[in-house]
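Each structure below appears as structure tokens.
Each of the next two complexes has chain A plus one more chain, namely chain B in the first and chain C in the second.
Moving on, here comes the complex of A and B:
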């Protein structure tokens, strides 16, 4: 039997399961239990209503786009922070975590103040016919903001441990820079990139505090799914609120499973590339 | 839960330190814009109680959206009294057995010791010339009001508009629907709560008119610069009656019923009525109202009871899922 780092396999496993149960599974079970009040018929009617559909579409569609943007920009930022030395690098590096630390309501109010038609950015965008605050675009901006650190932070350690010798070898074997990036670097980064993407996506899907201030919250247009939950609670409709929550949970789970599959596939891709 | 535990711990320490006089702690779960009001009311009540009974009463406050506060009490916040924005939220507590169903008959004036009304806050000089409800649906006018589905306070705004249309000569249900539908077409942003809407209007510069509770409008005018906004009183509006009640089950469990009842009755005394007026709520007492007449212009109001029966009926008819607001609201 291999030597284990942590003492007591049974004990540590027991703690892990108990903790997981307490922190994750118990609240989820409570959610399911609360939702039973609505019944299958009620659930289907709720999910088929145009308002629920529009809200789910905005929450998941917006989160997907925001996570994609974060993946692209996050990769770039991580690359710059790891590979280049420039004055203020450490400060920039520290700033990345700010969206984690900022209370989401503060982020929402700050973003709205920036992008409102009388805001610093909004006033330059308004003459161009671009309205960000109080539109679905504003929802996207807030989602991108809160999800940004995930991609950078998951990529940084992988990038730092990347052996530059491999790139040089590729170069000396005649690979063009683009080829080196796509065939040599990207396969190694892909699993971490996907993890960052998944985290950013999950965070954006469930985001309420920052989005609510910038969204405008017009039904069918700029209403996110978590807002529907809040509105149901306002009517003391616990079952309905839980049902929307479960719909979000199921979608999120499907997405995360999909991303997990992609990750496994990309892991094999990396092995082949190596 | 943590807050509750902390409170119990606090109450425990207070009780232990009491030698002769009894120390009583009440928890008042209220909605957001009463923060400053109850700071003053609580101090005045504690002083009066101390003078009369020798006991020290500490009233602790919990503030939040009215509906959220009601849910917290349902979920176990040990509030001895609730002072919320609309009766529907206290009805929800009664439905779950936390207090008697007839709670609203237990105190005078439908258990609302102070009132307010819905007014228009417009920008300086009233550039769009807004005088009354029909001006809100003129072309190019933008109206800011929170979403009545997520804000209890905003339900009064909706009902004020509905009631206005109903009270016009030849007014009927169909005309009210048409007016309210048009009104919400002029709403570019539906904030989730009243403070958010005030922020959108005052700080973000969105919209020409903010539908607001009179007390919030007066406060906004004072806090955000007297010269920047003007209050327009419509020809007719709703009498907003924020109700108060003792939460029977919690007061019973804490043994605080007598103090809790005295606390709410205190709200009707001239002293408390004057404090309410000072915080821009309209007092029920005619004498106190007389003293503050300059602050509160005369306005014709109607009540929920007169036009809609009661809050349960209004809620079901207008704000339940698929009800009138969902049929008429913006985005349709």
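Moving on, here comes the complex of A and C:
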């Protein structure tokens, strides 16, 4: 019915498929083609060098830790922004998206300036024996920065739509605030929290611009996987670059499927709550 | 029950806890978000206003600004048209494979920027699929402006579509169907009914798309070749200056990008406050 009444089905379908095909699918096919040319054995051999394994481990492990930090802090910030009223609240709320809006290269050199041993923050951390810039810790800081908005922004609408009556019921039944939070509020927030966590993770795994300045890029120590791709390309090692690229792409796709499932789950929660 | 229980519950809660939580959250935001932003401007002005202005006025910096504007001026309108077409398709028609197509539209958000650049090198680079053909015909894509534009388009494909699809789904198609029944042509329906209904969300999407297009680093870094004055956009110029230890120069160019980010945030917030109803509820996506 709708298809017959509204125009432009064929046009919009053709245009969308053609654009996605040319811009997204064709280039990705080139990567897959390159990877199949190398073969499974060849890919594993290319990935098996200690330096590549260390870089993949740092990108995935670092992103995991950064996403966990963002889940905890994001929950706190979302809670404060939704539940409490204080001067400057809307300004801080607008500020949350800064990591989305600030180009990654700018974030990268700014974080380096802050955390370098003689930087604003680095000079206070150095006497404590904490070095952030040019260490894996610096990689974490940059990854946490770029992934920060995801958890806050997925939690805010869910928190705002929570039925306060349930909390009051828990309270009047004798639950302490901490019990109410863990037993009543957290289960409802869980799907959104997980979605935000997965989005922050996906973003941090592939992050390049904000990390490379603060990381110091020491092989086997603070070198991330995307940087390895760049370096291999600079040495015209296309097979090696494609191998790391395909490993990251496969992970991204798996995470995308997971995020889709999580969003469907949280959608069901929202329906049940409504 | 609410009228009685709520004040009592609030009174019993220690006021210390909210104050502590607020202090913690704001402290984190200030140290983690505000401080880096402040650092950009302080470092840019470290050697004084004159050195700052001199850095921005350098021919290479100006060339980078021009190139950034050029790349965005090509990539953003193309993805605007795509976004409207894709949203019309996704929000107004049912067809097989729709969920898959939706995932495909969002795919560039999930791909590492460096991988986005890599795939174009494998496609158009000297060793790539079309490499020999391009060389034979004297066309350079990689290490040239076309490569920068293509990588930027790839990265920014989802932005406009992602804003429009949930909004148009929520709005439904009754008004458009009514226009058709009353005899409007497809074009009349689109320009008089559809476009006015989605204009603020469209502007919102274009704003985010533009911010990303101008600020993209990883993808363009791979395809650029870093030829100064020719293939360095502003973020790449920041990197090159920084690696040459010209910190004032790097932060000066970076400050322009930071101003763009602040402007984007300001307009975005304004749109949310003023036209929140005309925007989709925001499921955050990668930006």
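One rule holds in what follows: the second predicted complex is superposed on the first by the 222 of 274 C-alpha atoms of A that agree within 3 Å, B and C clash if a C-alpha of one lies under 4 Å from a C-alpha of the other, contacts with A are read in each partner's own complex, and residues count from 1 in each chain.
In this section, a contact is a pair of C-beta atoms (placed from the backbone, for glycine too) under 8 Å apart; a residue touches a chain by one contact, two chains touch by 3 or more.
The shown structure was predicted, so the numbers you read here are calculated from the model rather than taken from an experiment.
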Counting only touches as set out at the top, which of chain B and chain C does A:213 meet: first, second, both, neither?
-> both
Give one of first, second, both or neither to describe whether A:221 is in contact with chain B, with chain C, with both, or with none.
-> first
For A:77, decide between first (touching chain B), second (touching chain C), both and neither.
-> second
With the two complexes superposed on chain A, say which partner A:113 touches: chain B (first), chain C (second), both, or neither.
-> both
Go through the superposed model and pick first if A:133 touches only chain B, second if only chain C, both, or neither.
-> first
So, A:264: does it touch chain B (first), chain C (second), both, or neither?
-> neither
Would you check which partner chain A:176 touches, where first means chain B only, second means chain C only, and both and neither mean what they say?
-> neither
Partner contacting more residues of chain A (chain B vs chain C) = C
Counting only touches as set out at the top, which of chain B and chain C does A:148 meet: first, second, both, neither?
-> second
Check whether A:241 is in contact with chain B, with chain C, with both or with neither, and answer first, second, both or neither.
-> second
Where chain B and chain C land on the same part of chain A: residues 109, 113, 213, 227, 230, 233, 236
Chain A residues within the chain C interface of the complex = 2-3, 5-9, 11-13, 15-17, 19-20, 23-28, 30-31, 33-34, 73, 76-77, 79-81, 83-84, 86, 88, 90, 92, 94-107, 109-111, 113-114, 120-121, 144-145, 148-150, 153-154, 157, 164-165, 167-168, 171-172, 177, 196, 199, 202-203, 205-209, 213, 226-227, 229-230, 233, 236, 238, 241-242, 245, 248-249, 252-253, 255-256, 260, 263
Interface with chain A, chain B side, in the complex: residues 65, 67-68, 70-71, 74, 92, 95, 147, 149-152, 188-192, 196, 199, 203-206, 315, 319-321, 326, 329-332
Considering the complex alone, what residue numbers of chain A touch chain B?
-> 51, 109, 112-113, 116-119, 133-134, 212-213, 216-221, 223, 227, 230-237, 240
The residues of chain C that touch chain A in their complex are 1-2, 5-6, 9, 13, 17-18, 21-22, 24-26, 28-29, 31-37, 39-40, 43, 82, 85-86, 88-89, 92-95, 101, 103-116, 118-123, 125, 127-129, 150, 153-154, 157, 173, 176-177, 180-181, 186, 189-190, 208, 211, 214-218, 221-222, 234-236, 238-239, 242, 247, 250-251, 254, 257-258, 261-262, 264-266, 268-269, 281-287
